[in-house]
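Notes follow the structure.
Labels run A, B, C and D following the written order; every chain starts at residue 1.
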Amino acid sequence: MTAPQFKQLRRAYGFEEVAIVPGDVTVNPEQTNIELKIGKFTFAIPVLAAAMDGVTDVTFAIEMNRLGGLAVLNLDGLQVRYDNPKEILAEIVRTAPDKVLPLLQKIYTQPIKENLVAERVREIKAAGAVCAVSLIPANTKKLAPIIEEAGADILFVQSTVTSARHVSKSYRGLVFSELCKSVKMPVVVGNCVSYSACLELMRTGISGILVGVGPGAACTSREVLGVGVPQITATIDCAAARDAYLKESGRYVPIITDGGFKKGGDVCKAFVAGTDGVMIGSVFAQAKEAPGMGYHWGMSSPHPALPRGTRIKVGTTGTLEQILFGPTSVTDGSQNLVGALRTAMGICGAATIEEMHKVEMVIAPAIVTEGKSWQFAQSGK
Amino acid sequence: MTAPQFKQLRRAYGFEEVAIVPGDVTVNPEQTNIELKIGKFTFAIPVLAAAMDGVTDVTFAIEMNRLGGLAVLNLDGLQVRYDNPKEILAEIVRTAPDKVLPLLQKIYTQPIKENLVAERVREIKAAGAVCAVSLIPANTKKLAPIIEEAGADILFVQSTVTSARHVSKSYRGLVFSELCKSVKMPVVVGNCVSYSACLELMRTGISGILVGVGPGAACTSREVLGVGVPQITATIDCAAARDAYLKESGRYVPIITDGGFKKGGDVCKAFVAGTDGVMIGSVFAQAKEAPGMGYHWGMSSPHPALPRGTRIKVGTTGTLEQILFGPTSVTDGSQNLVGALRTAMGICGAATIEEMHKVEMVIAPAIVTEGKSWQFAQSGK
Amino acid sequence: MTAPQFKQLRRAYGFEEVAIVPGDVTVNPEQTNIELKIGKFTFAIPVLAAAMDGVTDVTFAIEMNRLGGLAVLNLDGLQVRYDNPKEILAEIVRTAPDKVLPLLQKIYTQPIKENLVAERVREIKAAGAVCAVSLIPANTKKLAPIIEEAGADILFVQSTVTSARHVSKSYRGLVFSELCKSVKMPVVVGNCVSYSACLELMRTGISGILVGVGPGAACTSREVLGVGVPQITATIDCAAARDAYLKESGRYVPIITDGGFKKGGDVCKAFVAGTDGVMIGSVFAQAKEAPGMGYHWGMSSPHPALPRGTRIKVGTTGTLEQILFGPTSVTDGSQNLVGALRTAMGICGAATIEEMHKVEMVIAPAIVTEGKSWQFAQSGK
Amino acid sequence: MTAPQFKQLRRAYGFEEVAIVPGDVTVNPEQTNIELKIGKFTFAIPVLAAAMDGVTDVTFAIEMNRLGGLAVLNLDGLQVRYDNPKEILAEIVRTAPDKVLPLLQKIYTQPIKENLVAERVREIKAAGAVCAVSLIPANTKKLAPIIEEAGADILFVQSTVTSARHVSKSYRGLVFSELCKSVKMPVVVGNCVSYSACLELMRTGISGILVGVGPGAACTSREVLGVGVPQITATIDCAAARDAYLKESGRYVPIITDGGFKKGGDVCKAFVAGTDGVMIGSVFAQAKEAPGMGYHWGMSSPHPALPRGTRIKVGTTGTLEQILFGPTSVTDGSQNLVGALRTAMGICGAATIEEMHKVEMVIAPAIVTEGKSWQFAQSGK
């Protein structure tokens, strides 16, 4: 008789469960290099704004690029379904919490207008900004040529989970190796969370990977589907795939941890886990420039049969510039994200993102960190 | 001197502590096959409604079967103790929380009427539905012939913990190998949670196993007795027993994870852990068709000397069809359970339940998942 | 250069972190044998009431023994400092929470009256009950002869931590090997929590060990001193010491897990962890017969310089008989402790306490048990 | 193809996650020796007050030294920026919570006055007390000679993270080996948390190390930067470095665990983890003598661009003497810290701090300790 085979489970970790260990050397934070490269584009700061309708519109995208980062415009949402998205946004914002989900479901049934797809791209390019846009896999073959012709610079193809192989008897899925040949723009694909899925996607010729399934503040995939990997482990695994792919191909494909960031500490931890860039949603939804006016919702929220997330109120806390660079009087880490990253790199002795990848991190759950709960209980607030 | 022998403890996991890892391949959710087979019966969806008095009555059983699943009628409860159970149910529902437990204890002292046992079976069969009923071991020898004669299709024998061997000096326990020979119906036995107990039960010739001790929303066995194994580990262990038994006998005996489900994600995780079907109580007690009218209690709640659970208010949230198939505007995962299962299978690249058993799962406690607590704190609700 | 030596930490577990795994066999609960033997005395139920002033007085001790267990009278507290302890108890009960600690500190400075020590023993013996009393080590040499002459049956020697060797330059500590020779009563010593300390104490010739430092509801040693080992691990370790001592000496010295019990499930888990008996404080303080009238405090609470615990309100929930044997309509496990133990033994296939020691237990934190938090949130209460 | 390289994460522990195991021997607490030596100075109690503006001023430093310990005066804060710091402190205390952070940011922009630096040192020395002062690395080269000439006894050099090597293209960092040669005072450096950083710092010739990044009650480095190691693991690692350095050099450099202490139990655990002394902030801010008048804030709180912590209200609970030595009627462990240490040492059989380092400690999270949550819920308070 053979021994019984029990399924094995590996432990995975999220932002709140780890902490960065300071280094043996320290460096001057002002002299750290935090550039991010995607294809031929170099960004001064490794920070992306998410392709979500409460975060990025044309104005926001232009401002984000001016500040050194990149915002991705969602070409599956309001901006391409409505000539005047501001009206729709205002309606979402003023609707009561218990009625907003059915409203979202209704609003997103309006079809995509191809002329708006091209127009949004041209609006961003007209301002001289790098233009990054996001499509869902099902629309990519049809819309990619349109956006390329309109002048887009980087194409993101995104869904809850995207794999290199999709099986269906009724239609032929998107083939990334074909897409990468047919468009000249760098293609960034997401989302994925595992070593093998990430490696397989990189082998199709894409130029970047978005890492993260389930972590976002406006997402309930963990509740509804049970699917998701906490971001620290997801990032560690995909960084290992990137390094393995670099070894086998000589090509460095950046990974971008996408979702779940609440504060500067989370951003710093993602880089120590191995990411090359971070894509942020809810914290940027708090910017004065954000189209959501203090509200935020996910792209799977409006699903007609199985919504996974709802509208959340995040409030408006400062300008995008303040959120990125401070100065601030906020002490919870939600502002001056770039300053936090440079300071943490200084403390860890990392002059570059590559060196930050080598810094030590420990498992140290926030829930049992000494002093903290006491602080909140006795705080003067 | 020999080394001291310390008792060893293994870590066990529940639904909220794990998360499913998306696959390297994705499949079209509409093309997934989620059939469940018990004996000669095949069910389109692998979902069972629990044999609890707030969940399943004759009407509910017929509707559940119409929708492709199976509801099990409790033949140790109100339905066979009272000619008009609706009256009793109404009394339970309108009683104040602090008085309901003594009431339940009193109500369940009324003896079982054998004529009602047969009548309930015939009512279900009259509607053309598959008829599954549940007996406690002590009543099985006496009542099994009656229900078989009345036309029942599947016999469930259930108690808190059921084993293949019961030791008593004062009576002779139920012997499953004898039962399986004396009745023609497939016999499903529960509940059990360990590899060895499950394997031993399968060897008696039964046709299915219910997995789960202590997890249900209406059960306090963990508090009162200290007994119980979280459902993910229980399912993994019993799935290993099923696979071992298949190898030794060539016979596939399905396991059905029973209890503790709160949302679609839990259902998906149970299948990844290895189950063939899920038996649901409290979530179905929320259906418009449920006899409990928004209330739910367990079968060990009315125990006269050692009650283990009480009546809980679950509310009424939708029709059974909505809970199973949507569409829904609820985003917490408590509706469209079947849609959630098919979507998760799609994301994981599993075209069948058998393939879903092979999907990876990680330990990822909900309590430290990034973004979530913040979401609830700042939600517009 | 040698490798750095980091201090190693072992994980220890408490009641709420484990769960009992049902057995492959089940037995009839009514036919379980749960006797406890201490020296020549045999008790029908393996349950002791703690030597705490809110729990045990003469009346309570007599009732407890009538019901088959044993209550230990504290001969370092109110019962031997005051002729009329009821007056003092009433004063404690009616004092406001913010003033009760200084009051306790004052009340316990009153000296012990030797005549009361003998009188309390005689009062218990006069009722025909087994008389067990508790002394602190510092008073044992002086008072042990007095209580033995008065007819006491079992001597408990208790302090927060008691070891076989006490080092002091200013006085000669109690030597247990000498004590065991000088008195005829069995001597039970506590408290201890580790394998080596327990083994060393057993070698002095004592007849029982109390296991537990820091777990009690009325104790804050974990906060004030940082000292304490959760009860499951403490019990496992001391059970290993008992088994090792049995092997080396042929003598079986029972261990009694003392403190931290809140419900029947905790009691059942302690036996699976390896205990021979349980000593209960706060749950018995809820009995109608308890002298604390719904209040409870520890023996280190009144310490003049470093109090470790305060008076807590536990309420009065039923008679001692109900708490021990039910019947009950309470579903949280705080009543019918003996019924819970017998039922759990039945489910686990353990006909004796010795067999219960061999039952499997898993690590399964209550905090992540499925269904439970939801139950409490939605309960009709 | 080589195996993928995944980043490894080690588990780190904080005060609330561990508990001390009592010993096989017990000792008389009054006969324990708890001296701390720094350079040529010996302190009767191994307790330091933090160089924080709400904790230590000249008066407090004198009182602390009178009681046998050492308070460190912050020479980068209010005491050397303002002739009359009491006025400024009063302003901080009376400002509303939502306005205090900008006020702190403004107050700390006032430049340091060199004459005040010398004056504060002389004030402490005039009282006959040992004078310990704290500088930030950037000011050390300039101010160290001034304070030495004024008569200071011990120099602390402190920043969030201090390493033996600092890299900058724009300035030459502080070199500790040079500093130790140029001043005659013992130099204590902080803060650090890892084995290698600690060992490297000791090799520069310094006389003590402060251990701790991120744990303090008034610090949010964990949130803002993601940086920090829980104190038990940090102390264990640095103690290993101290022992390794002793072996290689023959010189014993004491380590002082700095920050995160809330109660006596935390202090006891730090010594079991291996520390030689403890530096306390928020608990001493509760003393009647503390300049913060019941309020407390960190030195990185007033950072103009990236504040990490805010003012918290700790209240005033007793005199410094009571907090250190009792007697007390407080049972949460926040008073009589020295009594708690001696009592714990007695229970653990440790006559000296060196023996306390060898005591066993287990991982035992406070969150699941039995009895406790119940106690708080039902407490009469």
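One rule holds for everything that comes next: contacts are C-beta pairs under 8 Å (C-beta built on N, C-alpha and C of every residue); 3 or more make two chains touch, one makes a residue touch a chain.
Predicted model, so just to flag it, every value in this text is computed and none were measured.
Both chain C and chain D derive from one sequence, and where they touch, under half of the residue numbers involved are common to the two copies.
Bringing chain A onto chain D by least-squares fit of CA atoms involves turning it by 90°, to the nearest 5. Computed from the mean C-alpha positions, the centre of chain A lies at a distance of 39 Å from the centre of chain B.
Taking the mean of the C-alpha atoms as each chain's centre, chain A and chain C sit 55 Å apart. Across the assembly, chain A contributes residues 13, 15, 266, 366-367 that each touch 2 or more other chains. Under the touch rule stated earlier, the contacting chain pairs are A-B, A-D, B-C, C-D. Against chain B, the residues of chain A that register as touching in their complex are 1-2, 4-7, 9-17, 97-98, 100-102, 105, 160-171, 192-194, 196-197, 200, 213-220, 222-231, 233, 259-262, 266, 282, 295, 301, 304-315, 365-367. On the side of chain A, the complex with chain D involves touching residues 13, 15, 18-28, 30-31, 195, 232, 236-237, 239-241, 243-244, 247-248, 263-269, 272-274, 326-333, 336, 339-340, 343-344, 347-349, 351, 360-364, 366-372, 374-375, 378-381.
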